[in-house]
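Across the two complexes that follow, subunit A remains constant while its partner is subunit B and subsequently subunit C.
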Partner chain A sequence: MAGRNVSRPWRLPLVILLASFLLVGPPFLSAYWVGLLTQVVILGILAMSLDLLIGYTGLPSLGHAGFFGVAAYGVGVLSTTYHAGLWTSVAGGFAIGTGLAALFGLIVSHVRDVYFLMITMALGMVLWGLSFRWIPVTGGDNGISGIPRLETLLGLPASGPIPYYYVALAVFVLCSALMTMLVKSPFGLTLQGIREHEPRMRSLGFNTWLHGYVSYVCAGAFASIAGIMWAYYNGFVSPTYLDLTASSELFLMVTLGGPATLVGPVIGAGAIVILKNVISAYTARWLLILGIVYIVTILWAPQGLWNLGRERRS
Partner chain B sequence: MTYFIVQSLNGLFSAALLFLIASGLTLAFGVMRIVNIAHGSFYMLGVYVAYSVAARTSSLLAGALLAVLIVGAVGFLMQRLFLRRFASQPLPQMMMTMGFALFFRDAALMIWGGDPFTLATPRWLAGSMETGAIVFPWYRLFVIAVAALVGVGLWLINERTLIGARVRATVDDPEIAAATGINVTRLSGGVFAVGAALAAFGGVMGGPILGGYAGMDFDLLPLAFVVVIVGGMGSLKGALIGAIVVGMIDNFGKALVPELSYFTLFAPMVLMLALKPTGFYGRA
Partner chain C sequence: MSAVRPVAVLLVVIGSATFIGAQTSEPPPIKIGFMVPLSGGNAQNGRDILNGFMMYLDEIGYRAGGRRIDLIVEDDEAIPAVGLTKARKLIERDEVHVMAGALLSSTGYALAPYITSMKIPMVYPVVSADDLTQRRRSDWIVRTGWSGSQPNHAFGEYAYRTLGIRSVVTIALDYAFGWESVGGFERTFVAGGGRIQQKLWVPLSVHDFAPYLAQIPRDVDAVYALLLGRSALQFMRQYQEFGLKGRVKLIGGGTTTDEHVLPFMGDEALGTITALHYSAALDTPANKTFAETYRTRYKKVPSYYSESMYTGGKWLIAAINAIDGRVEDRQSLIDALKRVKPDGLPRGPVTLDEYGNPVENVYIRRVDRVNGQLQNTVIDTFPNVSQFWKYAPADYLREPLYAR
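Now for the complex of A and B:
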């Protein structure tokens, strides 16, 4: 199912159109829409990181928002409680998110399919419970507010919505490039081989456990980057970042957009963010609509939007 | 000692509720290979339906009956109209149930509001049993007894009836079961509906103590999952053992180290996975 897009000539023009919009559009938009686009690119990184697991390795993780949230908490705690500087906080957030992925990976990467799903979900709930109950550190339900905004970066002024958007976009471009390289590398191809037929890969001599583990840690690392960007975007961290709703919204971004494409999950992230904000302006029933979107997606576009036009896998 | 006995009884009470809820989850998993994210929603809907009924009739029994019937019907329709199309495709099935979980969660908030409530304890079960220094509410004992009865009933059906034999055959191997003439599709619908009804019943039984509140569905779901993982997916016996293990650990954990309650809860799961990934009674 590795996607060769010969039969879908609309893909390349669409990517170019969206990319040029992301690059030159924001200065012409209101601060509100710049904020939404910032959310789209940050959650795009997060959705792509989950795609490494769901799409490329065939590991359906339902606790992925955990790493995102933990990294954001890392930044929050370091920069408010300990008044750490920007780079210390960033490094700390990244280290704790990735370290946790390295730890959890040991537990989860020898199980597959539905077992993997249930275990990642349960671990995600542990993290949520911790953020909710460990009040002295995390502030409990109130979360942590007052994360300092980005003022300057590498000597350049970076305050305000538009500069921060471009910082996020730069990180997004870097992460997408890295992830694209990852999935096209021999390592990435091995992951796809494992997804298709693990026993065969094992009998060919691949250490499938190690591949799954490394894939899980990489996904956790990219999710941590997204979490750090989000903490500075919002200036605020709360348990809702890593609850089950967050993880399932994330799961939907990947499946709605189209797993194993990297582009698809970004489109999924864009669709969900914009839908959520537009709908929330009219009604408080966002979850109800999200649930319906979920059901409709599975019924009519089970392979995701970016894969539309491809025959369904049997 | 008194403390220990009372905490153990509390643990058994949690185990009773967990067994009611997890038995449906594990059976649906065994027969359909489905990870039902909406299982916590069935539990939640059970409490809310019983709340509405009890508010009008002031009878917990009527509430329990209607909750079981309505939620069972919801489960049946869900399987019939939506999940059946994705038979033996675990991921689309799971995502479908996730959509329903979000839908039910918000629908419940819309219909019943977000205010927490508890169901009224039936009058004849009010008060506590007092034996020496041990004081324990009658209602909790009643729930333990009811869950035990349900467990015995499920075990009898599973081991001693034709339907039970079909269920066991399907858990073992759905394809071979279908080849021997078992109507796996219809069986799946039935098992899914019974599982939903059991979760709703668990919700009603827990209602006078735990009550209903917004977010209860996702609070409970991981607990039920841990029970199923520890016990082994698809096994009723496993659900019983898992429920007792998780109920006890959760209770003592919460009583002794409240801040770490989530860790004490998930530690057995991690241990189990490291030692025996299929759980006590699960099959690979």
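Now for the complex of A and C:
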């Protein structure tokens, strides 16, 4: 289904256009816009990782920002409290985010639909509570600030936001390539089979639990990568990275852009980041406008922007 | 495509504004970047802060140091990462000369490294996290508000010596602001000889105080409450319903009865004694003028949030005037911010200590009903209270920050 591009010929040119803009555009943009684009590519990784769950496996997670946030905390704690080096912090953040996904996966992988939604939401709240209350480690509400700059650690020139942007873009390209390979592989096709009809897949002899579990861990791993990038981008971590608002905004990015497309969630992330920042600069009623945008999308593109023109699934 | 038209209109407006600007020989305006939460649960406090600032800018006709003032307002949504994005927007895109604002401590801490690295002077009118002007201070940030423990040091001593309280149960919001307030109170209260019998911590999302109120022993002298907004309203009602009012004296941090919640309270709040660096009922000519103008303009009583950026604005403008509007020289602007001593402030005399925190009066206030309205009547004043109370700064800073 993901590969059926024939009916929507505008897709390929648009992807090429957006990709070339992301690649060559930033040097011509102001520092502020490069900063926003950096946010778009980092949150794009995160939205794609959630798409693996929502779109491809049919598991609606409302706690996905948890892994993002935990990995960011990993980097924050290691690089400030323990003064660890770059690669130790990155590896530590990745390990703790992915490890947690592996642990939580054991709890959530046997449930589906709304039960999955509720349990992931609860686990997300637990992580938020931990970040808020485990003060000696996380600094509580105040978070952890003073994470050293990635440019300095990598020996890049720290002038302006361009170097960091290209680091983030490289990570983004790598992650999207890996995720595309994942969803096109036999494993990815099995996930889509589970999404469409799990009992049938089970009767065909697939271990659907294991597939769901592995997909959950993969999604957690990619979310951790986004979290690491986010921690270095902002230079601090705080409990708002992994609260319910963050998880539901992430959910919106995927559904607004179009689940089961990978490109869609990136567009959703871009649309939300840019709309929020641009509109709120002009009016205090920006939430109202954002709400209208969501409603219009639901009415005219119920399967997301990137699926515009696709017939409703029965 | 309908989005194109407003953008085009805007460009025309900006274009003509630039054109008109170029016609006169007026120097370019001073750009002030300002951010507070204007949406979400803290929007009302953010709005109060902005109101106070706009009121002062109106008084001076949006001019200082011979230049026009452009105020650029952003909503930080009370989310630190959003605050940082907005700060980047204000500094890197709008190229503001000076920044002001922030409400929450978490936003304050998140902004500080960025502000320091960009070398942009910034005024924190409200953020009260102790360490911002103590162990983790920045050369580029001045605080014109207060530090969380500051009024509570004075209040701990007052509670023991003047109110004659010997044992206290504290009930406070469970985050840094709560810990620092209770910590400050406990330090001087216990040093005087008092005893904290129990510390109850309530989550920020608290809806029902019953489980906490049930734990309060009836033989304690007083309950110290540190709450805000909705939680303060709920607490006051339940304190009465539990039959504690009239039996156990209620005291607390200033925000518990601040004017942002006081008009929504009833008789249950009467007699509560709290400490803060401001009260809308403060009986000085400067404050009377301020409070009346504010009330006429915004149809409500000024809260300490409203006063914070009126004073913060006055501070900022005094500094801009002191350097004749040459705000491009950031070093001299931040030096001026640390040096100026504007007078006629609603809250009374204020000076900054060398750590960038105000030395100011702490008022002991009691909730009374005057002309049918609740107010925080000032019953006692501690003049010129420093964030270090009576301790030597060096000794004070060697000890850890107040925590649970």
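The rule is simple: the second predicted complex is superposed on the first by the 287 of 314 C-alpha atoms of A that agree within 3 Å, B and C clash if a C-alpha of one lies under 4 Å from a C-alpha of the other, contacts with A are read in each partner's own complex, and residues count from 1 in each chain.
We adopt the following convention: a residue touches a chain if its C-beta (ideal position, glycine included) is under 8 Å from a C-beta of that chain, and two chains touch if they have at least 3 such contacts.
Since this is a predicted model, take the numbers as computed values, not measurements.
In the superposed model, A:177 makes contact with neither subunit B nor subunit C. When the shared chain is aligned, subunit C comes close enough to touch A:235, but subunit B does not. Look at A:137: by the touch rule set out above, it reaches neither subunit B nor subunit C.
When the shared chain is aligned, subunit B comes close enough to touch A:295, but subunit C does not. When the two complexes are overlaid on their common chain A, residue A:287 makes contact with subunit B and with subunit C alike. Of the two partner chains placed around the shared chain by superposition, neither subunit B nor subunit C is touched by A:19. By the touch criterion stated above, A:210 is placed in contact with neither subunit B nor subunit C. When subunit B and subunit C are set side by side, the one touching more residues of subunit A is B. When both complexes are overlaid on chain A, the residue A:32 reaches subunit C alone and has no touch with subunit B.
For the contact definition in use here, the residues of subunit A common to its subunit B contact set and its subunit C contact set are 133, 245, 286-287. Residues 60, 107, 110-111, 113-115, 117-119, 121-123, 125-126, 129-130, 133-134, 243-245, 248, 251-252, 255, 285-288, 290-295, 297-299, 302 of subunit A are the ones touching subunit B in the complex. On the side of subunit B, the complex with subunit A involves touching residues 29, 33, 35, 37, 82, 85-86, 90-92, 94-96, 98-107, 109-110, 218, 221-222, 225-226, 228-229, 233, 258-259, 261-263, 266, 269-270, 273-274, 277. Put simply, subunit A touches subunit C in their complex at residues 30-33, 35-36, 39, 132-133, 135, 140-143, 145-146, 230, 234-236, 238-241, 245, 277, 280-282, 284, 286-287. On subunit C, the positions that touch subunit A within their shared complex are 10, 38-39, 74-75, 79-81, 84-85, 88-89, 92-93, 104-106, 109-110, 112-114, 129, 174-176, 403-404.
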